[in-house]
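Chain IDs A, B, C and D follow the sequence of writing; residue 1 opens each chain.
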Amino acid sequence: MAAAGEAVRPLGWDEADVELEIPARAEYVSLARLVVSSLASSRRDLADDRIDDLKLAVSEACTNAIEAYEPAGEERVVLHWRDEQDRLEVDVQDHGPGFDPSTLPERPSVADPMRPNYERGLGVPLMRALVDEVEFASSDDGTSVIMILFCPPVTPDGE
Amino acid sequence: MAAAGEAVRPLGWDEADVELEIPARAEYVSLARLVVSSLASSRRDLADDRIDDLKLAVSEACTNAIEAYEPAGEERVVLHWRDEQDRLEVDVQDHGPGFDPSTLPERPSVADPMRPNYERGLGVPLMRALVDEVEFASSDDGTSVIMILFCPPVTPDGE
Amino acid sequence: MDLGFEVDQRGSYTVLAVRGEVDVYTAPRLRERLIELVSQGSHQVVVDLEGVDFLDSTGLGVLVGGLKRLRSHDGDMILVCTQPRILKVFEITGLTKVFSIHDTVESATAG
Amino acid sequence: MDLGFEVDQRGSYTVLAVRGEVDVYTAPRLRERLIELVSQGSHQVVVDLEGVDFLDSTGLGVLVGGLKRLRSHDGDMILVCTQPRILKVFEITGLTKVFSIHDTVESATAG
């Protein structure tokens, strides 16, 4: 048995799935952050800076989802949280116009001398740098951004 | 125009609807509380003690929804938050066995000399006392508890 | 979500200070602590709720259960609580009539 | 969610201390504040981020926009930031090369 007998971390994929559906409006992004950081903190295997990374990545994804709807109406953004032993996954879905992620730069071009002119386009590079995996699934019907953090198993004492 | 031109409070019923779906497990009740108190705080017209009241009432409803499933499996509890100008509504839904709310006491029997023997049965009386309206809709298919707080309109300066 | 406990002996009183949120998830830990104290022979127990941010009906039920257990050993449970939002929960449920509730640990252990 | 501002003049520097979370909802308020300062003739601006709990790409964009605006007036923007989680965002995006970032308001206004 693991030392942490008290199962704070949910046990299975489906069971552990939390869903948050918010109006596609800027004032709700902070709620998505709050939910993600609260869920991440209850997993005792994540360091604070990893929680901050995930929180920022999810926030960027929600911001993009909301901006995809501009001008905003009654649209919704849906966030799913899934816990597994060795990872956690968050996806953020919208039904905006979609986009072609392959046209975006893979990595932030930190050495670009034109950087000071970039007031936008920082969100996706941040997401890519902050979490272990980001996947964009986008079509005419909308976009789903899946973000994954791997959580290396903590070997319990006495095993 | 209202003095608070910046619309912190969502504008319409549908738009403002937030949905949180959690596994029917005790460790997720704190997340429901967190979401409710965060949403309630962003409405500037609610005093802190009213937010605490709502938070506790919602927590009790979630606890009952989770306990309705005992032994817990992969069931889910769904919370809806709806903002309107003059009120806010939270409902908590489960698909447990349901119950007959009319068999429960209307008010806490504060003068009951047997009170010290009551280790249970305090949840529904608390909910009834804490929010302005509680409605139970229960059938074989589950239970929905609707809790309402009325928010008297704040007359803005200059109107 | 953690529930923190601190135990302190003051004369014939055992003071259990609780910190955090007492709800359906954490209340079983409070119950265990109380049972432990009784079984170790502490029959005059002061539960200090000043560090409690949230207390629900499950928490109340555990306190009522603890009180009954203590009384069956000719003991008693005294609460320390000044926070309005926590006191309110005792008032609504009529439990202010059941528990003796003090403002400070000093006053609770003065008897 | 509130964003708080405090403005303080230190010699030729205007220090704007920001408190709270800078995101897509609040960043417009930061942008307005910066535009206001520039239009009031403050061209050497120190933005103190020590009270900022969260900063996203929208916030970065507003700071970059402010820097450009100030430079077009032969001014400059200097940041004060020591929090690792905020610094990290500047590092990932390469903006540590664009902004001069100081540890204290004193050092930022010493130039």
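Points to keep in mind about this one:
Throughout what follows, contacts are C-beta pairs under 8 Å (C-beta built on N, C-alpha and C of every residue); 3 or more make two chains touch, one makes a residue touch a chain.
The model shown is predicted, which means the values in this text are computed figures rather than measured ones.
Chains that count as touching both subunit A and subunit C, per the definition above, are B.
At the far end from subunit A, in terms of centres built from Cα atoms, lies C. Chain centres here are Cα averages; for subunit B and subunit D they lie 41 Å apart. Once the centre of each chain is set as its mean CA position, subunit B and subunit C turn out to be 26 Å apart. Separation between the centroids of subunit C and subunit D, computed from CA atoms only, is 49 Å.
Each of residues 1 in subunit C touches at least two other chains.
Chain contacts: subunit B has residues 27, 30, 42 touching two or more partner chains.
This structure has the following touching chain pairs: A-B, A-D, B-C. On the side of subunit B, the complex with subunit A involves touching residues 8, 10, 12, 14-23, 25, 27-28, 30-31, 34-35, 38-39, 42, 74.
Within the complex formed with subunit B, the subunit C residues making contact are 1, 21, 23-25, 54, 56-58, 60-62, 64-65, 67-68, 84-85, 88-89, 92-95, 97-98. Note for the complex: subunit A touches subunit D at residues 26-27, 29-30, 33, 49, 52, 55-56, 59-60, 63, 66-67, 108-112, 115-120, 122-123, 125-126, 129-130.
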